[in-house]
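Shared between the two complexes below is chain A, which has chain B as its partner in the first and chain C in the second.
What follows is the complex of A and B.
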């Protein structure tokens, strides 16, 4: 099975994602330049972090019209696995593959630090290796991580168990004090209704090796791999 | 034909940048500010003069790319001919 990592002009976390899949997970992976239109042969596509198109106009707004995004929409519509990390999440939101939008962080600062997130839904193909409510230590690095959706959208997310991660304290308290960026309902990561597209602001690829301070993020990649393995035998 | 497009956050969306600028202006002594909101202006120069076509196309551009309808609204002014 093969992983693909989309690279837009301005993406800068593609190499970290590549490293985790190739050298830590030890699975086949290739880069996909944003002008490519063929995603055949891939089982999972990763949209990495960075500053695609310099965040011009709105973060992710221009990248969503890159040639590869049409193929990505088809890929996602088929139920194939997609994960958007940080800028990747922002691009998925602009492309409407996930609902909602990112606003500027409430305190207007670029925030770069380790945070704790709680696993709210461990029944997804991304979080199956985490226990319910398991707390993960994963870094964030963003200026626009303030997730917003209207009241009806939030109700939908809650009713469909689409909220996968929430910012919390080291002991799992979810409240304003442990919300780094003002995100609605402390939302740090969501999935689509079908459960095949995940978007998250924290960087699991920067938390995939214990030498970097935490390897909590590794199990997200491993969970995806395990899921893909089960699909092979169907 | 020149078109000026104004893109602003919807009233229901918090604008911390606007608030920060308001405080900065207040610290300069301006005490009568009810509100300050930040937005964007996009200036597009079209190479045709057909007003109806311009309105149609600018609306499309705003809906497809320039404004995100979840949090932004837009309005535009057609400024007339030439540069």
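What follows is the complex of A and C.
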């Protein structure tokens, strides 16, 4: 049962994700350098946040050409578990492993703060430890988190229950007032059709220890581990 | 024959040029002249300040480390390395890149010591936001800090922002970085061992920032000067790769020494690394990676292109080190080697362009600058309170003070900074001090920056002592034991005796206060010539201080936590209005004397608060500073937007002017809140320490009510307080409309 943290030049949440898996979840984990092409032996790959290649172009637009991305596509196609957080989500979109695109935040500023998100779909390997509609307190920190997809794409996401998290108030109201970045339909996280690739803008690794103000994010990592373990026994 | 105009343009005076002739016993080459001009600039050589900087204590109650480019303290097996540095003039010229490269430079000073950067703070000062250019500066500086800090992945966890007329035409941008390292794996900025290799790593060299430090940092701004070409451009992505590559390289044990090419670039690195190692260095400029064609040797030596470093490597290990930098996509070229002759020799296709004793470059002359007490001070210090009208409506005044940009909420600023990356930020920005946990231990570091420049203008010695005391008090409020200082001394033209008098007195004040608290000044920076055509800035000795939280679970913040708590005021309140924010904002006066600081009283207050916090008795702690008691109480009520808590203050029985009681800025005061049943325990601690202790009220409801001698003087709903305080910066920047 091994986690891998993908490191692109410019990734900066790689060590935070590593810390949570190794010291909080206490499971085996290793870094994957972006030039590696062999992901065998890994059960879950995390694409961490940061500014891959500086993100001087569109976020994730360069990272998707990294040598590791071919292997990652194969890894995902096999049904293995992939999660992209923040810049990781942006890269998954650019690599077309998830549908849609990211625009600049509506206020054109970087936004770093705690927000609330609602668990719209708890029937995934990532969210099985949350209740349906459970509200999580979790930080965001990004310039481009304004998720967009065309009307048909949105319809698809809804029909297939692919919208996993939506921005909301502390009491669970989902509306414009509680949409920090302008994301379409308050979307904070989505999953692919097959249910093995999750992308989310909020940072679960920053809310995995109560010392940091919230441990809501920890249960996402724990759910992945739990799911991987049931796979082993099957 | 070199004409005086040439060396004058480079910032050297006749006497300095004569010294150069004496040292070389011949005329300098153009490259040599350029090298002397930057190394002997105030920025690099500390010519005017060195004599006085020696006063600052280098030891304290924690074991200190003083490196070439930074310093720190030892906690168990960890070295905590930190430093603050100015980037004022570049930011005034081009705020985004000026601030960005300021952040980049200070981060490099930390990781070249072998420490991983874990936090940034920024001490910023601007002219009033009523001027369009100051808005542009604030927006640009914030944009630069977020652009660089967010990308490089070091959280910006704190700092301060003040607005004052004296910064019109000369803003201050002081950036501080904190890093941690295994104490056994620290690196030095020196070259030793003849035959060892000198490697250039990082970005390539261009014409950006040529002469930046001698020209920008060492002269005042004239009107309408066009200085843009001398500001450097930052590349945080390269810096991030440099951090990782450098720390990986230091881990190999093959690195003898390493230094950031900051101000004065290659000149500074070659001469200072050689000098620090009592060695010489022989360098071939053709091996320096370039991004521009046709650069003269002196331009290569002067360039301040960012994200570059010079590394001294054990002979035979060049390839192994180079591999690491190449892996991170960085350039790495051997450009020379260490010699035993003590000379810095610079070649260009083997032709010797410069050959100077390293020590003579780095041991710039020391000037004993004349100083004299400013004439205007007598008038400035006089303040007759009897002539000062007592306000009728204290509510209105409190709201006005809360919305004054210097006091108002700064979340518009720090909300744009990633202050959580690294997952160590336990107390977020917006409290007295940020708290950053040390993973793998139960401890944490608290950090703050502080300086009331108005106090320093009215009394530099007292003002500087207060800056140190207040920084320490902020740390105590976070639950930390004050441990060590870095200072960033921002002053006007040192050649003006009145200006230098301020510098001398501030340094003495810092020195005395630090000695009294037994804390060392481990690093720092001096920035002179902060003047616009109108006048010098207020003397601004920014104090960056870190403290140690012994149990991270006890870290404390300023906001009230729950209704029904007792509110305690530690300290004495005197009728002191001199230099206050109230006098300035409400009466338009910058006058009088700053509040008196009694260090012994201060120590008893800090000891009491820290002891109570460490015992887990305290729910919140907040220092009383700008705006006095009323502002501090309001901040306790509203600082947590999601959990605002009202207060009733009905036990203030002082006989003095009500405005002085509410808005005076008497020092050595801390507001605590605690569970009812703990109040007597805190009182006991206060008694034992002989600290003045007053129970002044309780947390309750959704209003702030203050009674003075049973008469209600403040009664405001929390939303009203919040509206003025939280929206103020955005209103001033016209992001949301003014009322």
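Heads up, the rule we're going with is that the second predicted complex is superposed on the first by the 234 of 234 C-alpha atoms of A that agree within 3 Å, B and C clash if a C-alpha of one lies under 4 Å from a C-alpha of the other, contacts with A are read in each partner's own complex, and residues count from 1 in each chain.
In this text, contacts are C-beta pairs under 8 Å (C-beta built on N, C-alpha and C of every residue); 3 or more make two chains touch, one makes a residue touch a chain.
This structure is a prediction, so every number in the text was calculated from the model and none was measured.
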Query raised in the report: Should A:178 be classified as contacting the first partner (chain B), the second (chain C), both, or neither?
Result: neither
Item to complete: Name the contact category of A:94: first (chain B only), second (chain C only), both, or neither.
Response: first
(request) State whether A:104 touches chain B only (first), chain C only (second), both chains, or neither. (result) first
By the touch definition at the top of the document, which applies to A:148: first (chain B), second (chain C), both, or neither? first
Inset, instruction - Examine A:130 and indicate which partner it touches, taking first as chain B and second as chain C; both and neither are also allowed. - result: neither
Partner touching more residues of chain A, chain B vs chain C, is chain C
* In the superposed arrangement, does A:212 touch chain B (first), chain C (second), both or neither? -> second
Is A:61 contacted by the first partner chain B, the second partner chain C, both or neither?
-> first
For A:8, using the defined touch cut-off, is the partner it touches chain B, chain C, both, or neither? Pick first, second, both or neither.
neither
On chain A, the footprints of chain B and chain C overlap at residues none
Residue set of chain A touching chain C in the complex reads 9-10, 12-13, 15-16, 19-20, 23, 49-51, 53-56, 109-113, 139, 141, 143, 170, 203, 205-206, 208-209, 211-213
Counting only contacts in the complex, chain C reaches chain A at residues 146, 150-153, 235-238, 240-241, 328-329, 414-423, 425-426, 428, 437, 439, 552-553, 642
Chain A residues touching chain B in their complex are 57-58, 61-62, 65, 94, 100-101, 103-104, 106-108, 148-150, 182
The chain B residues in contact with chain A across the complex are 13-14, 16-17, 20, 65-66, 68, 70-71
